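Below is one structure. I have some questions about it.
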């Protein structure tokens, strides 16, 4: 379904060529200052056409709040938001009527629905993420007010060029501790804070762009100042809902948090994060953070960090040998210019989804704290 | 919460030292043959104490069906199942009353609940997975009847010893195409089908066991004969619910499917899976399967394969420097003998969770197929 | 929250004075013909200002489909729909800033949210029901295609003037068997098919209108051609979800189905509906229908009929002694002209909600039928 | 499905002749004193065989807590509870294999599931309510601690004998204000606090018992000290979830709250509840309470009161002319002795369901209060 969340819930609508795309955000706290100016920045960061590294289409993507605010304050009622699609005529994509595009959703859509939108990617289009990003901006504003939560994502690999994401690396941990969204954006459209690999990443993308090809990458994200106690011990572990959120993004192939896949080779004696008493916060903290801020499914107040793998974009500007819907071998012609790497644009989308997870889990946990406080009186 | 699924739903209860652990499975089709004999095998595969590689505790774990069947046939009503805890007195674990065990859920539980079970891991204990495995066995029986679905998981890495999981490797794809559960079990408690690394894995575990340490690993799983069309295009993409399921398992740190993290470096021109007409099935198939059986969030009928990272077990048989709950530095003494690697035991648990995801998505998709068939008449 | 349904789900947004009100309808079958022309009729029936019996405000309420259709056919993706609010400036209702209006949601909103929309009823405004009616029209179209389902609601009482709703009355059962929506509308704005009380009802409304007062009433609804087997035996009994839907409508105070409250005095020997073999349908039917088409929470194929009580509208055109927010006694002045009875306008809203319940339950049941067919092969 | 609630959730299992019936209660606050002694009293009040007015079967119904508590305190983890079925052999009900019992769930079950339990009512059996009552007792304990919530239900009509339930009656309102559970029980098995009709009710039941017939009735319930602000303005209005809960009980035919169906004839000028400043509580209260404690879907702190209609029991001790499953006319013989009126036994079941609704809504509202407090700082 098109909804995500229990007490803070987003529902999205829209595909690439309909009248508008948008969302309803339910469970937003009342009395919070909110205007389009709070939502637009992340939408603009998500927008394609910002550099020669990404697709030159220019979608203006201005958000319009429909409901749920009055005089710049939220009412506690659902926030309806929409972004008009500038060109909402179904294109005349005659060839894609013959061919299911390889590794797109065309074939599976036809199988599932017996129908697909005549052009573009329908619901699996990246355009659907506009609703998520708009909702995420609202969630993020709330989280900042609630606990000073900071969420910063960045590109950590492009193709074979990768930052050192080894959880034991002090440099990596330092970046997680300090990186800001402003610093990420200052690195330009590549959005990689590591100067030692940044130019190589740009070259990697340019190489594939010039080859009429595409290349994947990894986005890493850190959450600082996350409250202790979010997440549930069983099916709704914090990392489980986070993984759900991330793998619901188009083009994702993997998720790891804390020490991740590499961490499976670190023995328990080292991987276990020892506790110490932190004088500043007055509570227990850990000297290392292989756990990635979550233990037993519940946040422990340390940095939450995780990485998401994005595959090479399926749309490429070269011919591909494949088959038609009715099973004839053929060659799908190249068409137009396309984004050689979607990974940098995924940065604000990843931030938005983690904000949605956090806002929902925070609301749930607050009811748990209440119920606990009652019975222990 | 303790429930998972929409139309095929499991709810679990129980922790390590209460009277029993178990589950309620809701949405089981009526008229299906089902007795304890269908459920016990996977519970027995999950059971610890099966070899010198795992913990010597012997929990007998006999399942008792409470409801939902009559004369060996399901009624369509919820299946209640329970497994008694043999020793349900809370242990006298005086030291763990002083220390939150590093990288266990002790600290986060106390923060969240203000309480924790006096011993063992409470709900984050691996014992909670009994309910999941029992429910998964029911789901798997249904899937086998519905589409001949085959689910086989195996150990693909232990510590630094790893099978070749490169998605481009023909050997890896061959294993995915052919491996059976019987073959996995014939490899002994290590549950690794790759003879070239199996003994090294055993040695790796023995090494850490002898060092009173623990080591992590990766479980890889393949689903064959999955129907086309499962999963939804947006928040409930097939891989998103699968990731949710896997990261809800204790000790998991990552999930990847299809080409996964490695696949981010494979350019689109190669990563795109070309279609061809398959004469046997009469439908389009793909010549490669970097997509891992899912495109646009929806299954395409190819093998679904994915890997799950399990961290090194937090319980180790050596002293650890850490802090007490009230912030004093100290050393948490070693105690008892523990499982040096939980990864091999995770094999049936991973299989169970994927069965639960599939059964639920299959039921949902069948209602979609109905609704589509109606309006297109 | 603002969502209703599991597999066929509506999410609404909007209050009386924001930019627009609308909804997202998720789970709509693909390939169904759908344009605004399918949705507008029920919205127009819901619209106020249709006669001197209702409020003279004229809201045009033209619906605009935003997404989910292409070339007049549904895509299987969410249908976004919106209706602009013509006057979306918050009014200058100075008095209602001082007084919580008696039996409105003002006081409870302020208590719950600490905020309320400056004018009108916010989310408890009848204007919120626009999203439900638009979604209900989509559901109804599907139900008609799926099973020829007919849904007809009508006014059965206004104040003390009531049709005979005794379940033992042959006249009442005859109306339930035959009444059409066209016949209801032909009775004029009162929407009561019983000529013997219709004029008295109109007089009753006129009496209260002339007294600057308001009066409540009852809407009765029948569903014909409902498939057998909808609903679940326990918490999601068909009548339970139906009651949920009806009591979620503004101004409702009660719900009864089948023999209802009166039926509690009919002894079992008479109340039990005997079975007989029906040659036309080839299945068992019942000679009476005190059950109201549902037995054990599951539809049996007989007519579903139920009634919903609507209280007298809280907005009246006379002064009311009450207290200000800060606790001072005072008199809330009358203001404007208001609808003396909302009951007739509730007719299409009741129809819409029952359609939403039915569409969702039908999709759920179809997955049950599939699972049963599989295992019994 | 067999689950109810969002943050405080019960899932039940079991039918009349399986090994046990029971439930899992999820979301119970940690640190609360809880033993079987807290749960047993309501189970015992629910138990049949307590007087000559009800069925003489004696089910002992001792509850056993399986999980979620330690040393008499809740852990915050799910509470598993079970009650053994004493006789869990499927009976040899040969006749009910031929006949769908009129107004039972036999026919609809067979249609829906293609199977039914060989005897008794399966999931539609009143025995399923054991899980609800056990869960409700836990909820009620929490509510008492949280706000001193008092829930008292009683029989308000049997057949044609009825208490005065007119919302304008001062006597009725006085009963609602003062009645205690102890006073209800002191009236004997009839559970009616109104001495003027009590004996007539008993006679009514005896009359139908002696006629081998059954008779229905109404249970009225009041909730005192309910916190302000529970419920949501749209689909999850407090009264909507309450109606859902009540109509999910076996044998129910209707629900009304506050002024109910009678209130539709009270004009707005009288029905509107004027506010006044209450010195004791320091907040606004209303001089009348036609609203029944809920306005705009949200509780206002006044008494919540509502009534639930229970039909005459379908099981009667006399012959009934009906048809066999395969469509032949016939007479279903009488068998055994049966409860002539289930209404008095429904009293604790109604109390349990309202407690489940309240506990869930209270947890949800507490997260809303938190989020509001954050942003308005």
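Each chain gets a letter, A, B, C and D, in the order it is written, and its residues are counted from 1.
What we mean here is this: a contact is a pair of C-beta atoms (placed from the backbone, for glycine too) under 8 Å apart; a residue touches a chain by one contact, two chains touch by 3 or more.
Each chain and its UniProt protein: A, B, C, D = Chorismate synthase.
Here the structure is a predicted model, which means the values were calculated and not measured.
J.: Determine, among A-B, A-D or B-D, the equivalent of interface A-C; equivalence here requires over half of the contact pairs to be the same by residue number.
T.: Selected pair, repeating A-C: B-D.
J.: Which pair, B-D or B-C, has more C-beta contacts?
T.: Looking at B-D and B-C side by side, B-D shows more C-beta contacts.
J.: Measure off the straight-line distance from the CA centroid of chain B (Chorismate synthase) to the CA centroid of chain C (Chorismate synthase), and report it in whole Å.
T.: Each chain's C-alpha centroid was found; their separation is 45 Å.
J.: Cα centroid separation between chain C (Chorismate synthase) and chain D (Chorismate synthase), in whole Å?
T.: Whole-Å distance between the two chain centres: 25.
J.: How far is the middle of chain B (Chorismate synthase) from the middle of chain D (Chorismate synthase), if each middle is the mean of its Cα atoms, in Å?
T.: Taking the mean C-alpha position of each chain, the two centres sit 39 Å apart.
J.: So which stretches of chain A (Chorismate synthase) touch two or more other chains?
T.: Residues 1-3, 7, 12, 27, 30-31, 74, 76-77, 109, 112-114, 122-123, 233, 368, 372, 376.
J.: How about chain B (Chorismate synthase): which of its residues touch chain C (Chorismate synthase) in the complex?
T.: Its residues touching chain C (Chorismate synthase) are 6-7, 27, 29-33, 74, 76-77, 142, 145-146, 233, 363-364, 366-368, 370-372, 374-377.
J.: Can you tell me which positions in chain A (Chorismate synthase) touch chain B (Chorismate synthase) when the two form their complex?
T.: 1-4, 12, 99-100, 102-109, 111-114, 121-124, 128, 157, 159-160, 208, 211, 213-218, 228-229, 232-237, 239-248, 250, 252-261, 263-269, 271-277, 284, 286, 290-292, 294-300, 309-316, 318, 320-323, 325, 327-329, 343, 365, 368, 372, 376
J.: State the interface residues of chain D (Chorismate synthase) toward chain B (Chorismate synthase) in the complex, per the touch definition above.
T.: 1-3, 7, 9, 11-15, 17-22, 24, 26-27, 30-31, 64-71, 73-80, 82, 90, 109, 112-118, 122-123
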